[in-house]
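You will see two complexes here that share chain A, one where it goes with chain B and one where it goes with chain C.
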Partner chain A sequence: MTLTTDETRQWLLEFSKRIQEQKQYLSDLDQAIGDGDHGSNMARGVTAVEDMIKDDSLTKPSEVMKKAAMAMISKVGGASGPLYGSAFLDMSKIIDEESLPEVVEAGLNAIKKRGKAELEDKTMVDMWGPVVEALKTDTLTQAFIEETMEATKPLKAKKGRASYLNERSIGHLDPGAVSSGYLFIAMIEEVGKND
Partner chain B sequence: MKKIINDSSRVVDEMIEGFCFAHQELVKKIDDYRVIVSRDIENQVGLVSGGGSGHEPAHAGFVGEGMLSAAVCGEVFSSPTPDQVLEGIKASDNGQGVLLVVKNYTGDVLNFDMAKELAEMEDIAVETVLVDDDIAVEDSTYTAGKRGVAGTIFVHKILGAYARQGKTLKELKELGDDLVGRIKTIGVALTAATVPEVGKPGFNLKADELEYGVGIHGEPGYLRETLKTSKDIAKELVEKLSQSFTFKEDGQYGVLVNGLGATPLMEQYVFLNDVKKELAESNMQIAYTKVGNYMTSLDMAGLSLTIIEFSGTTEIAALNEEVTTPSWG
Partner chain C sequence: MTKSFGVVLVSHVEELAFGLYKLVKEGAADTSVTYTGGTDEGGVGSSFDKIMKAVNDNEADDIYAFYDLGSAKMTLEMVSEMSDKNIEIMDCAFIEGAYTAGALIQSDNKKEVIDEQLKPLIIK
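Let's turn to the complex of A and B:
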């Protein structure tokens, strides 16, 4: 089943709400293994997403998702901007025709391609990958997402800023995997609600 | 922090305004974007570079006839976003495509890569040449692999000349990739840079200390020592560079001594004189020399030494060609 325009919009608005609530926490996570700006960068991005997708003239999920992509691309900066931007952009290309597992998988593939990262490199991929698998088997729950966030803790970073710390990156959650986790918790809450 | 600024969050915008006023006959700013474009967009492949600000005159100072078509300015020490780079690409394209010259930092690579994809969606052909000339360390704070530093200006100048000669996008990409492999740089810092919005130096060196291999954003280098003479610093840097080259007696090389922001030209010339003596022992031929502040790190004291191994006289001619830019000189 495909998403409706309203579901797509509500999903992203809920994502925005959660990011803004957790802004400080995300920056604190980033402080440990990066440069400490993931929360403020993401908050700036989702605020722009909110502004862009409120527009009532958007009548297709793809239009909403593409607007969100452009907001993330132009407002987040750093590495997260192009990574979220690429994911949303590629999701927008199939969201009108395909169902959720395929849409999220398109996002996963875009992130892997852009960031040249694989599973267990301690990146966003370590959230998106397991979520795609869980969606395919219809086993995605909030508890699963929270466990998946925790599962990034023992990993050693191989990509991104944290990779520079090497062994020292072990023992911290990956901020990008956590912010992505909020995207999927928002998705569980808002998509398919009216079934 | 002692700086001649107003609001630390506005330094990039105010700098761009001043820069475009000073060089209004050569460049202009695209409205609503931090993109500086040459007034003289020729009928050739466009050449676009950029990155975080704080490295002036790189990159906007190299916009003009014979070098860059456009430069995209990010916040201090952070990459411009893809929509900004896309504007630079669109302004530089006249149907023959655009070559991006990107320094190897994760943020820059991702943002320029995304911009490339957005441009391709608008049917503009784009290729990228990635510069990773800093041999000091592998993998650092903002980089997977080696960092891109002062050697980038050789890439701007040589590819700028080739683009003006009418080389195609594909040819420029191949020439650029080959060129980058023959450019190596290593730096030394005496003091750290202070990012205006941070307000304090990025790292601390004692009054009598220097650090070899520091990056242009203050990334850690490979060795801290008590302050040395210019002669000893030249010996260390040349020694380090010579490990990355096999200096050939009949080979032709170019040398760039680049000030990092707070080191006087006097010291840069003193240092060049010592580099010349060190290199003389390798019997190599120095066919090109350049000295000055070209890829700075705000107010960092120190300098970098770049050596390029020329593939032939065409590259030397390309470096010597006249250009009309604010800062090549």
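Let's turn to the complex of A and C:
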């Protein structure tokens, strides 16, 4: 099953809503192990996403996703801009033809390539990787996403600003994994609900 | 155009990019050097649009690009993938790499010579 244009749009709008609601929380998480701007950077990005995808002339999921990619690339200002942007861009290339597990996997691969991160580096990959596996086995739930967020806590950061903290990065949630979690909670809510 | 290559400098901080630009131009008066730093709002970070502009404003089509930290590199990579210009992103020490490239381009060295002399400055 491929996504409809409307599902794609609603998914991203719900993602934006959740990011804006949790803006302060995301920045607080980032304050503990990074530079404290993940919430405000992401909020700026998703606000631009909303503006770009409202356009009624977008008739394909790929067009919506590509607009979202360009908004994230242009407006976030921190590392999550090129990471989310690359993910959305590669997802846009197959979203018209492929179903959700393949689409999200394309996003995962783009993030790995751009950020040179692997599983357990305490990054977004630690959300996207498990979500792809769960999608493939049709076991993705909100509870699974929340557990996956928690699972970043004991990890030691190997990429990004948090990696300079070494052992002291242990015991904190990864902000990028949490914001990615909101993307997938939004996906569960909005994709397939009209089936 | 006077030289075969241009230099693009990308920092997280606008003043840092401008400072390095002044330094590089000391050894590369006739070489096209463009720079950018920070976010669209002037904060610390990187801006796709500003980096794209620095690339477009450069007179050369073949560009050596230097950056300070990781997320500037990621944004630079995205610009490089979407630009028609040929951009080589150099993982060199920011200051030493950019200065060396500028001076070597200024004195009309071949690409192989430039690459060879930048190699020991690769630190990331």
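What we mean here is this: the second predicted complex is superposed on the first by the 195 of 195 C-alpha atoms of A that agree within 3 Å, B and C clash if a C-alpha of one lies under 4 Å from a C-alpha of the other, contacts with A are read in each partner's own complex, and residues count from 1 in each chain.
As a working rule, contacts are C-beta pairs under 8 Å (C-beta built on N, C-alpha and C of every residue); 3 or more make two chains touch, one makes a residue touch a chain.
In this text, all values refer to a predicted model and were calculated from it rather than measured experimentally.
**Q** Should the pairing of chain B and chain C on chain A count as a clash or a fit in the superposition?
**A** With chain A as the common anchor, chain B and chain C collide in the superposed model.
**Q** Mind working out whether A:Gly77 is in touch with chain B, chain C, both or neither, as first, second, both or neither?
**A** both
**Q** Which of the two partners, first being chain B and second being chain C, lies in contact with A:Gln24: first, second, both, or neither?
**A** neither
**Q** After the superposition on A, what does A:Gln142 contact: first (chain B), second (chain C), both or neither?
**A** neither
**Q** Counting only touches as set out at the top, which of chain B and chain C does A:Gly85 meet: first, second, both, neither?
**A** Touch partners of A:Gly85: chain B and chain C.
**Q** Going by the contact rule set out at the top, does A:Gly115 touch chain B (first), chain C (second), both, or neither?
**A** both
**Q** So, does A:Ser99 touch the first partner chain B, the second partner chain C, both, or neither?
**A** After superposing on A, A:Ser99 lies clear of both chain B and chain C.
**Q** Of the stretches 24-32, 78-86, 240-248 or 276-284, which one in chain B hits chain C?
**A** After superposing on chain A, the clashing stretch of chain B is 78-86.
**Q** Indicate the residue numbers of chain A shared between its chain B interface and its chain C interface, in ascending order.
**A** Comparing the two interfaces on chain A, one with chain B and one with chain C, the shared residues are 73-75, 77-79, 81-83, 85-86, 114-115, 160.
**Q** Going by the contact rule set out above, which residues of chain A touch chain B in the complex?
**A** 70, 73-79, 81-83, 85-86, 114-115, 159-161, 163-164
**Q** In the complex of these two chains, what residues of chain C are touching chain A?
**A** Within the complex, chain C contacts chain A at residues 39-41, 43-49, 70-71, 74-75, 77-78.
**Q** Help me check something: in the complex, which residues belonging to chain B touch chain A?
**A** So the residues of chain B touching chain A come out as 74-75, 78-79, 81-84, 106-107, 110-111, 113-114, 117-118, 139-142, 144.
**Q** Under the touch definition given earlier, write down the residues of chain A that touch chain C in their complex.
**A** Against chain C, chain A makes touches at 35, 37, 41, 73-75, 77-79, 81-83, 85-86, 114-115, 160.
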